[in-house]
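Structures are listed in the sections that come next.
One chain, chain A, links the two complexes that follow: it is found with chain B in the first and with chain C in the second.
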Partner chain A sequence: MKYKGFFVLIITLFMSSQLFAYEGGDVSNGGTVSGKAIFKGAAPARAAIDVTKDKEVCAATEHLSDLLIVSADNAIKNVIVSIVDIEKGKKIEAPAANPELDQNGCVFIPHVIAITAGTTIDILNSDAVTHNVHTYPEENTAVNKAQPSSLKRISIETEFGEEDPMKVACDYHGWMSSWVGIFEHPYFAVTGDDGTFTIDNIPAGAYEVKAWQEELGELVKTVAVKAGETTTENFEFEK
Partner chain B sequence: MIFKNKLEEDKSYAPLFLALSGILMAVLIWVIVDEAVIIRPWKGYQKRFYKLEKEFLFNKVLDERAAFEKTDDYKNYLDIKAKLDQATERYNSKDVKKREKELIAELNRLKKKELKPVTSKLISARNKKLEIEYDFGHHPKKKDYYLKKIKDIEADIAKYESQQSSLVKKKDAITQNISLVSADVQKYTAELKQYTGVIDSIDAKYEAVKRKRPTLQVYQTFIPELDEADRCMSCHSGIKKEPGISDENPYKAHPDRDYYIGNHPVEKFGCVVCHDGQGRALTSVEEAHGEVEYWLTPLLRGKNAESSCIKCHGMDMDFEGAKTLAKGKKLFTEKGCYRCHETKGFQALEESELTGPDLTNVAYSTKPNWLVAWIQHPKHLRPDTSMPNFDFSRDEAEAIATYLWKVSEQTTENFNSPQFSASEIDEGRKLFSTKGCYVCHSDGNEGLDFAPNLFNIGEKLNYDYAVNWLLDPKKYQPKSVMPNFRLSENEARLMAAYLMTLKTNKEDKQQHTFDMSLADAGEKLIQRYGCFSCHKIKGMEKVGRIGVELTKIGSKAINFLDFGVLEHELLHEVGIKYGHENVGLTRRTWIKNKLKEPRIFDEGRYKLPKDKLRMPNFEFTDDEIEALSVFLGGLVEQEIPSNFVYKPTEKKKDYNDGFKVVEKFNCLGCHQFTLDTITLNNGSVVEGVIKKEKKGKVYFQLWKESKEFKKGPGQTVRFKKDDISIHEKGIGAKVAGVLTANLIKDHGISEKEVVNYLPPRLYGQGQKTQPAWLYGFLKSPIILRPWYKTVMPTFNMSDEEAEKIVKYFAIRDGAEYPFEYIKEKNRGYINDQERKHSDYMAKAGELFNSPTVNCISCHIRGDVMPEGKPSDWAPDLAISKDRLKPEWITNWLTDPQTIQPGTKMPTFFSKGMYQDIMPGDPEFQIQAVKTFLMNFNN
Partner chain C sequence: MILRMQCLGCLKRFINKKLIIIKEYSMKEKIKIMKFLTVFIIGAVICYGNIASAKLPENQEAITAGKKVYTRHCWPCHGVDGAGDGPAAEILEPRPRNFVSALFKLRTTTTGNLPIDEDLFKTITNGMPGSAMPAFGTLLNEDERWQVIYYIKTLSDYFADKSLDPYNSKITIGSPPVVTQDVIQKGRTAYEKAECFKCHGDQGKGNGDSASELTDQEGYRLLPRNLTKGWKYRGGTSLTDIYTRFTTGMDGTPMPSFIDNLTDDERWNLAAYVKSLIKERDLTGNMLKGLKVEEELPVDAESPLWELAEALEVPMAGQIIWKPRWLIPSVDTMVVQCLFNDDEIAFKLTYDDRFKDVEHDEGSLLPISDTAYPILQSEDPEFDPHFTLNEYILRDSVAIQFPQNPVEGTEKPHFMWGYGNDPVYLLKWNSDAQEQGNNPVFEMNAKGHKKPPKEQETASQAVGKGIFTDGQWSVVIKRKLVTEEKSDTQFSTGTFIPVSFQAWDGSNSEIGSRMSLSTWNYLILEGTMPISVYIYTAIFVIAAALLEWLFTCRSKKSKE
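== the complex of A and B ==
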């Protein structure tokens, strides 16, 4: 029928946006969740990366493994903390510039980032060797592109939120990896050197908060967020 | 008498005449009523049908309108309608009407008063000129005089022509103005039509039937080739019309109308050719349906009509519309019915395959205890076996086993298997779990049921035989489809050790020995029950069949069907008393009872043992009996003219033939052949594979472009699970789930990497590999991916079978077959490239080997293996020139993700790269690398 095509178009447009959308708006008197990722037990030392290939470039400076970074006072770096499937809250703000993952000395810097779905990530190659950008998403489209040193920048588009962070690796150099948390809402944080995180401007209510670390797995806690107050919630990981 | 004693003149015959005329009248009325109503029941049906049709159209118009009013288009429609109303109003206003009138008057005046006189002057001047031109030629002396005249008249013509053209211009301008007056009205009317076109056409149909009901008449299809006159549609008036007019018989449309009637137009085929019955009869429903005494072909109701497909489509069919029939044919084939009962169309199969195993080495392969128990009750030992139950006593089974033992070529005394350590058995189990055994066999817990279930195989098999059998299945069972996995002797040993543990009773039993004096009795039993029909038994290869021929069972006369003493009882169950009341039903009843309980007709009769029925019991389910009965019902004696016989196009035939071979070797067990196709509620269709389902949402990886989502192959789209209206699963890769689990469990392969260990998808295979290579590969597979745990076995296909599969892929994927010119291998082409681009091949080679591209860092190159762990390797490039099609290599190098989403192969080429090695755009570089590969010499 004549009007069917039009109908299909409308529904298709709806499908890709509205039906799955997070609803962003102004949050008045929102609450905050903050805390720290703590390692239970003796802090493990970081081993040096065993470079097996392209040693003249990759082993020029010694790199320590980024898989698990625990400070002397047991704070864990690079833990992605997020609110699980929150549907409504503060506005998503697009970053001013694309976040970057730099392949420098055959490691990814930074090792872990978190972004909102739809953000484009730029993968840089600062090394004099060829890398191979290979993403392992479960929801998004996978990318697998060679990046010789002449190709300084590869942009990777994201579209959907990932249930677990997406691994970005280089197939040439098996030890190289980084992780990108991708969310369809703006409530997430990555712990710094001191292991702390803060997620603010959350509408009051009970939420599941998930902390994820590549080696230690994930911890999920139910947190009650009160209007205008800060709730402290620490995540204690065990190996 | 009343007229006694009366004079003739006084007699009155009036009462008599009255009575007689009364009778005559009554007869007349009866004749008319009978003629008009009683023997024409179809008239009533037709009348009611037209009434139903009228109601249907009426409601449909209303529904369509109501539905339209709910759409977003309706708003547009109303907008345009409002505009039309305004335009009409403007058009109808006094001023506009007046202006239109004036313009028309002006136009008419112009045509009549100005244009017409000029045109006629022009015509006469032209004629005059012709006349003078004639004179000029015939009066040479007056040349000058006529020349002057010609010049004059030419001037006139030019004058008139210019007058005419200016007038025509004027006329066009006025016409233009006139149409401008009503332009809006016309424009909007046309626009509205776009919205209401469908509704209007239904409405027009409704108006037509409302005005006048179609005349009642006998609808007849005459098919001269069959001498068949079908009048069925006189009552079944809605049979080829659109569905929905009525769901009530006889008014409803043919089920699946577009499929059945669409492929078999009533005008050509009629009804009876498929449904039987008495097509000419109109006087009663029973007569028309042929459900009357002695009519040889009564109506085939429901699924029984599928029987008729065989008439034109032959045995080689598997149609969407004949599923029951196809199931029946499959059963008939698999259970080997044709082995005891000669049946036309199965001779070829009889030669190439064996329904049961070859028993020439049974005394070596099988443990004695199992053999006797098996002969007595096969299904007790393996419930899904095809071997039927012969109802043998223990002694009979013992005797048969003894004979088989006696004639066996290879024998053994020792049925105990050697002792194996638990780790060896586990090693065997791992081989079993991932080599590919589960693709055909189940161990009772997992695996497919393509070949015998092995849950109790340890009870049956002799260890020594098992090892040899695994090493070379064809040696003992030349007609078996079991392929050769090219196992090492040690692997076969370990796997056999594991198989020996598959048994319900774990202890080794004392195997009994046979008393050879029973062998003669066994031989007689084998001859009587025809074991040699399905099994190869030494010395009985040439013995004839023991069953009745079934080629024409579907039209066999019912007096040849011996019900024994059960005729009345069995016929009573289906609602008739005597067989001749409904010949078809009687035949079906006999067949079904025979299939259900093959020796039932012996019941209650005195018979010598040698005369007793001997067909074994296959323990068919009711569904299976139904399917077999439909199939057997189709084996009839009827010649069909050749123009009715289905002739598939050569392509279609080759495609079907190829797919049969694919099914024979269970290729679908390992390989995915087609993609998942999902139709969403909004009508959009996506093809690819489901990546993930999460919280009611589906993440779907496209393998084909989707216009609706504006995304190409390799990309992921997301939709709600509830939005799926049809999910057509891709066929093949049946064992993928089991294999994945076992690879992870038994070989420690990670979940992310396991995809690199699964048998390749064969989507687009025809476009990928060169036919000759694929043919050779099928005949004798090589290891393409050395890291695989699962093996492409050697099937020992015949040349014909391998060829059929290659052809199938070519047809399916629209590839060239059998020859393809590969220009890249031609010296002339290469020289040409070298002339145009200096050091073409050398540079391509440099690119191939450069540290940045470095193909061989992952790809195998002949016998040179790459560094790193085998799971990171990729197929051998030394064979690419024979294996791959150049076009495919180009596409592959351009963007591997679009051809095989999820592949490990990265995209290497993009603009501006490798300029130091081979300057040029990516297309040029890819062409060069492809040409290099097509000439790659290790």
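== the complex of A and C ==
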């Protein structure tokens, strides 16, 4: 009886891992969800990053803040849109090459990416200064490694999906940050300059679709996906 | 020092209580008790020295026992569930470890991995110097330490995950090199190559460009180590300890792992260099000897005259006697010197301070009549003691405190701003006044902690100047030996004048009673000791010996 609590824990863990395990396969006549991330109100201007250190490298080119990028027609860039905890659907395809986050001019390029769990991310240092790659995951292994200019590439492995995107930052240069959405399924997208996204080949059904932006938080909508059809769903964010 | 005093108080009460009990025992029993105590103390010493030990088996029984230990000692800081959110957490910096997120600073495993049991054992045994984590090596026996480790491991899912077994990610630690100047020099090269100075500063004072912006994993301020202060190295100061820190990184903090970009040799060299930065401190003295010179006394801290004056190193502690108490003081040690001539007296105070804070604007957050006594925490629900809010900017200051009136015997005013009928006199230097081109030294008096020191009505006759270089203030304060002002302390040769010190670090939100302070030391102006000191000492020594002899005789008699 002493071990009762322990067994309960193990069983719960086992069940919960079963609960979220994703099953990939062929999807016939899947539906599509597409839409746009829209900023409600006057589009805020992007402030210039205040470079306080290593100016000769970091301030060589002017960078604008990546925290919130809204176009003239109110489209929001870098919003991660995903289907919440989808259990079954299209196959997960491993990327041909590891996705990269390049530290270039003391900013991360790109600022936001999304991957499937198990993908290895390569962090590059294109600068002539030392950065430190510091990740802030909930589920995966947190890493903090120094990356001088001589060390061009650090690989970071991922293993589990994350409920919220994982922050990747550099402590030396406090303004540097980027976000990596990590999912256990392939149904996610990151909005581009025009704020649009498309997630396709979804088995018909009702799903929760989540849109996340680092400054504005998240919006969740229930979307009915119909076989062979495209459902349009826009996400309107407010500050 | 203050802590020691408070402890002494405790001890006294304890002994008083015990003595009453002991009185009821016969002499035989007393001897038994003494024997037991001796064995106990020797045992405790041996326990303390002996860290490597046989490991207790990890089983349910040990976990249950560990929970008891945890409930007794750990939760007030680390929280009932181990999330690092106990009731004391709010006032601590660094914050107590969050066992649930399981990011540990002191490990012998590569970055991102859990610590092995032996790492946790070492941390619990030695504590984390410079933080609130005490060394439990003297409080818990080895079995208890293993037990609590096994319990702590149940607080996080990570330890249950066999794929994360930390024993698979142990680093190999070779043997440290023989430290030579060459090794230290190579270590300096590695220091520059790895850009350690970005956080730790060029000379390791913890004042690099990024120092003021760093946070821990949860966003709380975290300052890079001032590498010259060996007594604050969380994981120890041996070469192996230091080597291990930058090999594994300190997870949960901005300190990264350098395993991939410094070779093993480079890391050993770096360890030797970092260790060479440590300044030993000697806190045994409490006598500040003024040096008599013929020259005019310098206001400049860089005057060569100061090299002649003897230095006294004074330990400073947070003010925790009266509210608002201050548990995260910035200045923990101060070096003081004194010069005098026939007319004047000058003091030089040197101490490390990462940031130069020379602006002062108390803003609207301090709705207190007397400016130096804020009650920040209760007035503002948003107040976070870990950060200086933007609404106010606070300056760096230091003060030298003396009893206002000549002391008789050992009676002294309270070192925290005196008593009502036993006031103190302070010479306070404010960096903001200096920055604005005004006289930075203020003459003040205080009559107890309830009212902050009050500036004298007549213009200050004291002068002074502070110089800030690479994370260090050197402040000189100068005054006439004798003045006409009644509430000034008068300095004369040949007497012991109690003297104590206080410091405020602006960017550490220090003002009023939120400060570092020392207890009383003694200032003596003269190379020679007055003869009375020798006579009194001799009398006391003889009296003590007599008493001891009497006691021994009596106890022998009663035994028979």
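Going forward, the second predicted complex is superposed on the first by the 219 of 239 C-alpha atoms of A that agree within 3 Å, B and C clash if a C-alpha of one lies under 4 Å from a C-alpha of the other, contacts with A are read in each partner's own complex, and residues count from 1 in each chain.
The rule is simple: a residue touches a chain if its C-beta (ideal position, glycine included) is under 8 Å from a C-beta of that chain, and two chains touch if they have at least 3 such contacts.
Quantities reported herein were computed from a predicted structural model and do not represent experimental measurements.
Looking at the superposed arrangement, the partner reaching more residues of chain A, out of chain B and chain C, is B.
When both complexes are overlaid on chain A, the residue A:Tyr172 reaches chain B and chain C alike. By the touch criterion defined above, A:Asn132 reaches both chain B and chain C. Looking at the shared chain after the overlay, A:Thr198 reaches neither chain B nor chain C.
In the superposition on chain A, A:Asn29 contacts neither chain B nor chain C. In the superposed model, A:Asn144 lies in contact with both chain B and chain C. When the two complexes are overlaid on their common chain A, residue A:Ser71 makes contact with neither chain B nor chain C.
Within chain A, the residues touching chain B in one complex and chain C in the other are 2-3, 6, 129-130, 132-134, 136, 141-146, 148, 150-151, 171-172, 174.
Of all residues in chain A, those touching chain B in their complex are 1-4, 6-8, 10-12, 15-16, 19-20, 85, 129-130, 132-134, 136-146, 148-151, 159-160, 163, 171-172, 174.
Within the complex formed with chain A, the chain C residues making contact are 60, 103, 111-113, 157, 160, 193-195, 198-199, 209-210, 213-214, 217, 249, 251-261. On the side of chain B, the complex with chain A involves touching residues 68, 71-73, 194-195, 197-198, 681-684, 691-692, 694-695, 697, 699, 701, 708-709, 714-716, 718-720, 723, 752, 851-854, 857-858, 868, 872, 896-897, 901-908, 910, 912-915. Looking at the complex, you find that chain A touches chain C at residues 2-3, 6, 9, 13, 52-54, 129-130, 132-134, 136, 141-148, 150-151, 154, 171-174.
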